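Here chain A shows up in two complexes: once beside chain B, once beside chain C.
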Partner chain A sequence: MRNNLAEVLLEVRNKTGLHMRAITLFVKQASRFSCKVTVEKNGEAVDGKSITSLMALGAEKGSKLRIVAVGDGAQQVVGKLKKLIDDKFGEK
Partner chain B sequence: MKMVDFLKAEAIKVSLEAKNKKGIIEELLELLVQTGKVKDKSNVLNAIFEREKIGSTAIGKGVAIPHAKSNAVTEVTAACGISFEGVDFGHTVDDEPVRLFFLLVAPNDAAGPHLKALARLSRLLHNSGFRESLMKATAKEELFSIISEEDRKRQ
Partner chain C sequence: MLTIKGTGVSPGIKVGKAFLLSREGPFIPRWRISRGEVDRELARFERAVDHAKKRIIQVKDKISREMGERYADIFGAHLLVLEDISLIEETKQQVREREMNAEYIFVGVLERIAKKLSALDDEYLGGRSVDIRDVGKRVLSNMIGSKRKGLSHIKEEVIIVAHDLSPSDTATMRKETILAFATDVGGKASHTAIMARAIEIPAVVGLRNITEEVGEDDTVIVDGTEGVVIINPDEETLVKYQKKDLELKTYEKEFEDSVPLPAQTRRGHQVKLSANIEILDEIPLVLSHGAAGIGLYRTEFFYINRQKLPTEDEHYEAYKSIVEKMAPYSVTIRTFDIGGDKFISQLQLPEEMSSFRDFRSIRSYLAQPEILKVQLRAILRAAVHGELRVMYPMISRIEELRATKEILDTAKDELRRSGIRFNERIRVGAMIETPSAVMTADILAKEVHFFSIGTNDLVQYSLAADRVDEQRLQPYEPVHPGILRLIKMVIDTAHREKIPVSICGEMASEPAYIPILLGMGLDEFSMSAIAIPEAKRVIRAITMTEAKRIARKCLTMSTAEEVDRYAREKLKKIAPDVRQYYQR
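What follows is the complex of A and B.
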């Protein structure tokens, strides 16, 4: 079971925060996996595969997020999503 | 931030006439020109088209939020419109034609307010009942009052 659960705490680092283009990349990546993905900010947890739910978080630069994945590919998806955020979604 | 802070009743059109993506964006932007919110239409138009080139701002369930940053506005401002027939807005998550549009423009240095406005819009639009009642509105005053009411109900 251990491999079916993964979690990471991280900080939004790109200047403009989780805007729509960034979220679209995030959702596309998350949706490649069958596991459940949730993103939590200030105690509010939302579906990590929903564009509107993630945009509703309004995560600016410096926001602290917790990403949790449960199910097949949990470790991989969390690794990929962490990389997207750490790489600032390819922004300068 | 509330939706009524950046969307005024005068910038709503419940029967958009354009039949394609480009025309819809122009029609929505014209509402902001008429209300005096946008001084330089072509500047904003270009910024929005450039943004759409990166990827469609259609977010599924018949909704699109075309947006851009431009110094042709002094504060975050939005227009809203409904297309009765719906238009193809480029690839979306569900490939449904888009019927409900929110066009959002923010000054270049207003990343924070821009994100907050998008967040507020998304939070309300996540509610399917709200989306459906907006799409059924037949007058701009009606659409605006549905938005004001939802704004009051939800934190």
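What follows is the complex of A and C.
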């Protein structure tokens, strides 16, 4: 069952933060998995598959996020999402 | 009780219940559904979302093909918005719970998200609320546009209270349910004003915050003559207004006597008094008010609120019908002037007309000549049935006029080759609405049969003012010395070149300004039909000598205010019974 729950703490490091392009990639990645994905910033938690919620979260460079996944593939999705953010969404 | 002062743009008094239109975007209809209808409503919503997705995919593919994938990124985001649980699922959930129509619920959910984004500190993400609304619009247009619902859903008689009314709002109204209009913004030349006069209902615009002050179902008095709106009036006020309403109607009656009389001065100088119209429904009104023809037939209505372009036959049938009904008088059609409307972004236009959002009228013709050609072919054909003339808006260069002539010639050639009957010698005019057209009137005059001065735009472009935001513009600006001189110049030049001139702006219907225009030698006055009896009364009360003297005097004055004051004093002497039917 441990496989069904995963979480990670990280910092947004790309210059423009979680903007449209980044959020789009994030949501697309998260939506590949059936598990529930939540993104938390300063105690505010939103659905990680909802583009509008993530936009409204307003995560800029330096924001500390907590990503939690519950359900099938929780480990994988958190890993993938962490990689996206750590790779600065492929931005230079 | 609360009294708000605005600008009365269509006379009359009406008392009724307020119907509040949502401020954002086009009007969203609202109705209850029964529990049994929920599934059907959800299916309707899903279809609209699917359809919007398909459209976005098409646009995305097209953009990535033509401009590169990078530019199509944003549409990927738009697609995700349409799959967003907090938008789509939330909407469905609320439709089930609240048992209301899906578009109404959807807009509520959408606006909450958009507002949340706008409130962000981040300027970029805040600006993305535009994207959310844009996506929403696609879905909405699938639900509203095709079915032409909107205001047509109103069943009882109401007073429409709105921030502003766009052509797409008024196009869907059922006239018999609308008692009056009251709006936050707008001026005499705004769409709301034109529409109100067309269907003869009172309207007050420029009320600033009426939408905030009025609650749904409040009782409201709209006094379009004084330009006042009263919310929840007391008994005494109600009685006072009922009395006033009666007086006004008696006054109108007096003018009916002048309907069959010719528009000529006391010593017999004849001018033409014609009507501005927008829709076919106005013809009975035009005839009953004694207009001698149509001086401006606006044709934008053919293009808005629809998915496909109107066909040539659609145009033809409408034009033929108007020209036959107006016989023996002439009808002047203005080719469509889409970009002139501030609300263009809210309008649903056929897809083929996309470039019309970027260009104003004449320039858009040149970008998409095919659309103009279809209209011209219809005009040429309809001109067989009566005196039909055509004019082009917003001409500012001779090249533009020549380009339209080329399109007209092509249309003629095609008709000739197909053996379709048309009027070979149709009369063509140019609208003079820009300072550059005035300054080059002598050049333009050599290539047209007549001029028509659009004073609303001429004032706007000469004084660098916004047409809708009339707060920056004084109501008497049409008699700004600069404008008067421009008008004088056009008339003099045209007469030197032996072509007639008309004015089809609101200025032509202002009783106090009629002597000035008459004195400058104007040949035709075209105005809202309801203003014609009063205008005729002024013309019949004056002599050309007096009018010329007034015009000369006005042209020496240095401010618009001075001219206005003088013109009003003169009007009182010339036609004391004309009681400023229109409030300025």
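The working rule: the second predicted complex is superposed on the first by the 92 of 92 C-alpha atoms of A that agree within 3 Å, B and C clash if a C-alpha of one lies under 4 Å from a C-alpha of the other, contacts with A are read in each partner's own complex, and residues count from 1 in each chain.
Methods note: contacts are C-beta pairs under 8 Å (C-beta built on N, C-alpha and C of every residue); 3 or more make two chains touch, one makes a residue touch a chain.
These figures come from a predicted structure and were not determined experimentally.
Peer 1: Which term applies to chain B and chain C once both are placed on chain A by superposition, clash or fit?
Peer 2: Chain B/chain C on chain A - steric clash.
Peer 1: Figure out whether A:S53 sits in contact with chain B (first) or chain C (second), or with both, or with neither.
Peer 2: both
Peer 1: Just to be sure I read the superposition right, which of the two partners does A:V12 touch: chain B = first, chain C = second, or both, or neither?
Peer 2: After superposing on A, A:V12 lies clear of both chain B and chain C.
Peer 1: In the overlay, answer first, second, both or neither for which of chain B and chain C A:T24 touches.
Peer 2: The answer is both, since A:T24 touches chain B and chain C.
Peer 1: Thinking of the overlay built on chain A, is A:V37 touched by chain B (first), by chain C (second), by both, or by neither?
Peer 2: neither
Peer 1: Touching A:A74, do we find chain B (first), chain C (second), both, or neither?
Peer 2: In the superposed model, A:A74 contacts neither chain B nor chain C.
Peer 1: Would you mind checking which of 3-11, 39-47, 93-101 or 111-119 on chain C runs into chain B after superposing?
Peer 2: Clashing stretch: 111-119.
Peer 1: Taking the two structures together, which residues of chain A meet both chain B and chain C?
Peer 2: 16-17, 19-21, 24, 27, 50-53, 55-56, 58, 60
Peer 1: Inside the complex, what are the residues of chain A that reach chain B?
Peer 2: Against chain B, chain A makes touches at 15-21, 24, 27, 50-53, 55-60.
Peer 1: For a test of understanding, state which residues of chain A touch chain C in their complex under the given definition.
Peer 2: Residues 16-17, 19-21, 23-24, 27-28, 31, 47, 49-53, 55-56, 58, 60 of chain A touch chain C in their complex.
Peer 1: For chain C, which residues count as touching chain A in their complex?
Peer 2: Listed in rising order, the residues of chain C that touch chain A are 73-74, 76-77, 80-81, 83-87, 113, 116-117, 120-122, 124-125, 128, 131-132.
Peer 1: Could you list, by residue number, the parts of chain B that touch chain A in their complex?
Peer 2: Chain B reaches chain A through residues 54-55, 57, 59-60, 65, 67, 93, 111-112, 114-116, 118-123, 125-126.
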